[in-house]
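Below is one structure. I have some questions about it.
The first chain written gets the first letter, and so on, giving A, B, C, D, E and F; residue counts start at 1 in each chain.
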Amino acid sequence: MTRIDGRKNNQLREIFLERHFQMHPAGSAIIEMGNTKVICAATVEDKVPPFLKGTGTGWVTAEYSMLPGSTDPRAVRKSNGRAAEIQRLIGRSLRAVTDLSTFGERTITVDCDVLQADGGTRTASITGAFVAMVEAFTTIYEDEKNFPVKDFVAAISAGISASGDKLLDLNYLEDFETLADCNVVMTGAGELVEVQITGEKKSFNRADLNELLDLAEVGIKKLFDVQKDALGNLAWYVGRID
Amino acid sequence: MTRIDGRKNNQLREIFLERHFQMHPAGSAIIEMGNTKVICAATVEDKVPPFLKGTGTGWVTAEYSMLPGSTDPRAVRKSNGRAAEIQRLIGRSLRAVTDLSTFGERTITVDCDVLQADGGTRTASITGAFVAMVEAFTTIYEDEKNFPVKDFVAAISAGISASGDKLLDLNYLEDFETLADCNVVMTGAGELVEVQITGEKKSFNRADLNELLDLAEVGIKKLFDVQKDALGNLAWYVGRID
Amino acid sequence: MTRIDGRKNNQLREIFLERHFQMHPAGSAIIEMGNTKVICAATVEDKVPPFLKGTGTGWVTAEYSMLPGSTDPRAVRKSNGRAAEIQRLIGRSLRAVTDLSTFGERTITVDCDVLQADGGTRTASITGAFVAMVEAFTTIYEDEKNFPVKDFVAAISAGISASGDKLLDLNYLEDFETLADCNVVMTGAGELVEVQITGEKKSFNRADLNELLDLAEVGIKKLFDVQKDALGNLAWYVGRID
Amino acid sequence: MTRIDGRKNNQLREIFLERHFQMHPAGSAIIEMGNTKVICAATVEDKVPPFLKGTGTGWVTAEYSMLPGSTDPRAVRKSNGRAAEIQRLIGRSLRAVTDLSTFGERTITVDCDVLQADGGTRTASITGAFVAMVEAFTTIYEDEKNFPVKDFVAAISAGISASGDKLLDLNYLEDFETLADCNVVMTGAGELVEVQITGEKKSFNRADLNELLDLAEVGIKKLFDVQKDALGNLAWYVGRID
Amino acid sequence: MTRIDGRKNNQLREIFLERHFQMHPAGSAIIEMGNTKVICAATVEDKVPPFLKGTGTGWVTAEYSMLPGSTDPRAVRKSNGRAAEIQRLIGRSLRAVTDLSTFGERTITVDCDVLQADGGTRTASITGAFVAMVEAFTTIYEDEKNFPVKDFVAAISAGISASGDKLLDLNYLEDFETLADCNVVMTGAGELVEVQITGEKKSFNRADLNELLDLAEVGIKKLFDVQKDALGNLAWYVGRID
Amino acid sequence: MTRIDGRKNNQLREIFLERHFQMHPAGSAIIEMGNTKVICAATVEDKVPPFLKGTGTGWVTAEYSMLPGSTDPRAVRKSNGRAAEIQRLIGRSLRAVTDLSTFGERTITVDCDVLQADGGTRTASITGAFVAMVEAFTTIYEDEKNFPVKDFVAAISAGISASGDKLLDLNYLEDFETLADCNVVMTGAGELVEVQITGEKKSFNRADLNELLDLAEVGIKKLFDVQKDALGNLAWYVGRID
């Protein structure tokens, strides 16, 4: 069976990922997964949240928002529960590969703003935010110390279609029609960071879960290559330990 | 190895679950899992969100909040991202076992208010909210139709301790110390509804994931018995199809 | 004439008052007056409002809120004028028996959360909050100084029914039907702290006022006994001056 | 003993009360009690709050706010608990003399904006708001029906000074220094509508209460004359029943 | 052609401008331009916005708001885009004649509250706010330094009527009917500070613009005389350089 | 004298303007003026603001916001006075060339989101928003009626440098250093729609004003060509009257 856009079940959409998309932030990236487009901007501030003051430890956090014209109908400008949930996921994913003790009491905020939404905006945000964050860290990195980013991290969605097919990297229409779908966040070493599976329309079993995780792993490994290309010589820093 | 409160690794905390805890809502329950205590109140309103108007379909949603005295330090009264994320999870879990087409254009709102927090408030909320929701549906059920709740649903947490042990039903201290933890929502038929695994401190692999899911399944099956006891003769309605 | 619940005109509802209801706050209590149930949690923070900074003086304040399931119809979660008015009344009542100069620049916040409302939630909150506050002060009391709480304080409602009867401790239905009602806050020494009389439906005269105050005094004296029982040996501290 | 501004204990401050102060609202008034100055604007809208829709009954409500330059230090523009409490008091006082069934499903909103604060702003607001409300009702009054305002209503403060004197109509400095103070709202027939006594600094007894009420009655009777003068021939409508 | 209120095209409305209208603020003024009435209160605070901390430089800012009874229909109490735009204009106009380096790290906030609106509230606010600001600066002026206010500043509106007439100082009805209108802010030296021309209903050309500016200049010169009268001997300070 | 980026005084920055940048909105455009980049999305909704209900007339409005990564330091996500002022300017500019009576009770909202800020974001927003609006109107245009957009509209900034030079199309650094600057909005017919001149740092005279307007006219005429290129065959609709 072929998918609506002609892809194979285990095939990613066409990807475009470029760093330094904006001139002002310390790090930035634009990521396109098919028609889904997200801008990621990583800024560095010399302060930490209250619970870290005086600990010498830094923080990485994220904000997620959709531009009004990114969806149909128009996305109203206001914070909501879905955005809160997504930005917490992005923040945890980035912190999972970051050594917060290596860059002092600073906060890296990665803003993920969706220019155009066609499914998979949260996973695209994680994959793009990683590139923006690495770029930002290189601007404050003092080379006698360990680089704060210990490993790559990227994310992808997968889902079970009405006909029972397992599909990788769902676009909006597929996402709408799947019975259950998952978002998987994985490190360069192949370890899982977050797995979120939702079967609101139809519950799933353990075999389904394992098939979806297999699919996701295939996709994420390709995303690491895309991240490395986008980072270019900055990729050298990731995981660097003196 | 023994846990701080003397439990075995696959042992739930002591549970207390009682329905009709409040006199005003259509359905209500109090659930205690060890020191964690949550009040669940299900109210019925004759209206639906805008996207359902005119469809003849109902809605089930949830709100989650912590009383100021439920935590140390005091929980400030304001909505936040964590609460938004949790109430969306509770809502999806309840809808997964509900036939929204069977009760007209009505909304069931289940308010989960944490009286005392000691880990596992979101999973306790789901388990308790189910009982409150069933009680509420019996007040509007007209017996010539199918009962809106198709199956039981309950939830539990599990995690990987620093020493590598897999632990069921984490209390706050265990939750704080685990490297990775998951929340699992399962139906009476043994199908998965939601699986959320987070490895912010340390990522995990597929074998870990499967062990945690095994543990969770053990715990959730016991929770179904507790729910049936609390519902008493109302348990008869769940899954009833004419 | 008998009241709807069979009480005499000068009779309180059945009362349950227990301290240390929650494990996290420095002090806590649950109070039930018939079907009205309120949780009171007193927490201590090492800071004061701006107008007290540098004065060496402490502060006592309160917050009041209703759980969504505490009323019919469901109480929407948002601050409102009624809650603001009530929490200011609770705060003033507690400060009237507290020596703010004896416990340094600390703030005691007493959160009063209504689990179930059936009339008299503000007066029940004052009576319960007092117990929670005393418990909280014992956790920071250094015995060579005077105890910050100088006297007992409790509160009750009374009202004039449509038939002209003066009734003590109104439940919701009585409150709804009375023409004028009052809330009285009194100290252990029998002095008045607050008297608020409202005759929105029908104004009242001085003789009415005096009868209502007589009734309230009868009720409040019984509440002091209930508070003493709930405090147990902590009651010894109240009014203690070295 | 003489008061700081030379008044006798039972003497009101100099009063100025004028109606039709603003050209746009249906009714308006400015009231000055010494240095306290409040603008009252009564507007009529053809709608009622949700709980009155379809009942044929109208509503009277109030809003209270302080201009930034009305106090020292500057009053920040934001709603707060004190304002909420005061505007609820004003609304209840006006409704106590209004027959809500006589003017259809309309809402009269009386905005009380304090131009200058020197004590007694809430009681001045009630006294002035009454005049604005009467003026507003005359614009919608159809003479074959009963006039909606059944009687006069006015308000004044009184308090107990540190030396034990009972003082009428406290200015800011007196208010700050009194041990207990009360606000009394009374109808033209001499009946009480609201009595609020607060003894935050020192509690009071029944004898104190009666003396304060005697004082207030003296003051309020003079305020009725001032209201009648300000209303001029509109005073004729008050209490008019066909 | 005569205007609706009988004025000539280049004639201002009747003006009343008086300083020290309120007793609490450091400076204050009331200005009436025909039926438009605005209270201006200037307060001094010993703090500056974050971007000026540590620079030794002060700040002048403004807030603008309409009392609910100032318009028909009633103006709802909430901040809005129009108010934000106007208060920024007032702040810039005042800063244009102020030497921010002469009065230390202090902020002058001028609150402009519209009592009654009949067109031209923003220009009346600027003209009145200037007087309040000068009065406020005299309270903190230490005479061995230069006075912070270097020159007078005032503002007026002008517009093009449907018949092509150019009119000075538009009232509300004229403002509503003009095709294009402008607000002009000018210094005592005759220099322009702000010119804002809007042709939402019909665009205009350069000749129109020059005629409107000519008209405005005529009006503003008269406003300077009114400001000098209102300031009395305080006018001596403006522009004073040691 | 040469400008920091080598441009002549009357030279625009390099411009890129492309329509249909986003797939979801009815109309969209991206505009780049040098390093300033703005996305404009025009959506159509079948409703109008309350003041237009039942009039048969449509509405055009705008929202303006800066992405967090668009500036240095990071732009915090919250509405503010500057944004409110700018979006009102954009809305007025678009309405000045639109016949609101020709497209029924619909609202066109043009969202202008700044991707990167380097001066002139409000004028770039107007120039780009026009293109997005025209594209949106073509999707609802029924050819037997007049096209709602009557003429072109574009905007540009100009300013007076510290050395007295008059400069066209200021970048951020120039904008920061100019003594006075203006924003000019002009129609295709050469008429002015909005002129806003601000001399916060130094006031200006009539000759300055005329020179700035001359400069702006030169720039805006070039912008019309750019808009026509971006619109392609859609440019044919503008000003079309049957």
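Simple rule for what comes next: a contact is a pair of C-beta atoms (placed from the backbone, for glycine too) under 8 Å apart; a residue touches a chain by one contact, two chains touch by 3 or more.
From a predicted model like this one, the values you see are computed outputs, not experimental measurements.
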Please identify each chain that touches subunit E as well as subunit F.
none
Count the smallest number of chain-to-chain hops linking subunit B with subunit E, moving only between touching chains.
3
Would you pick out the chains that touch subunit A and also touch subunit F?
none
Interface sides of subunit D and subunit E: same vs different residues, half threshold:
same
In whole angstrom, the CA-centroid distance of subunit B from subunit F equals 51
Expressed in whole Å, how far the mean CA point of subunit C lies from that of subunit F is 60
For subunit B, residues that touch 2 or more chains besides their own
none
Using the touch rule from the top, collect the residues of subunit B that touch subunit A in their complex.
80-82, 84-85, 87-88, 92, 95-96, 186-187, 189-201, 203-206, 209-210, 213
Subunit C partner, complex, touching residues on subunit B are 22-25, 28, 35, 39, 41, 43, 45, 63, 65, 67-74, 77, 109, 111, 113, 115-118
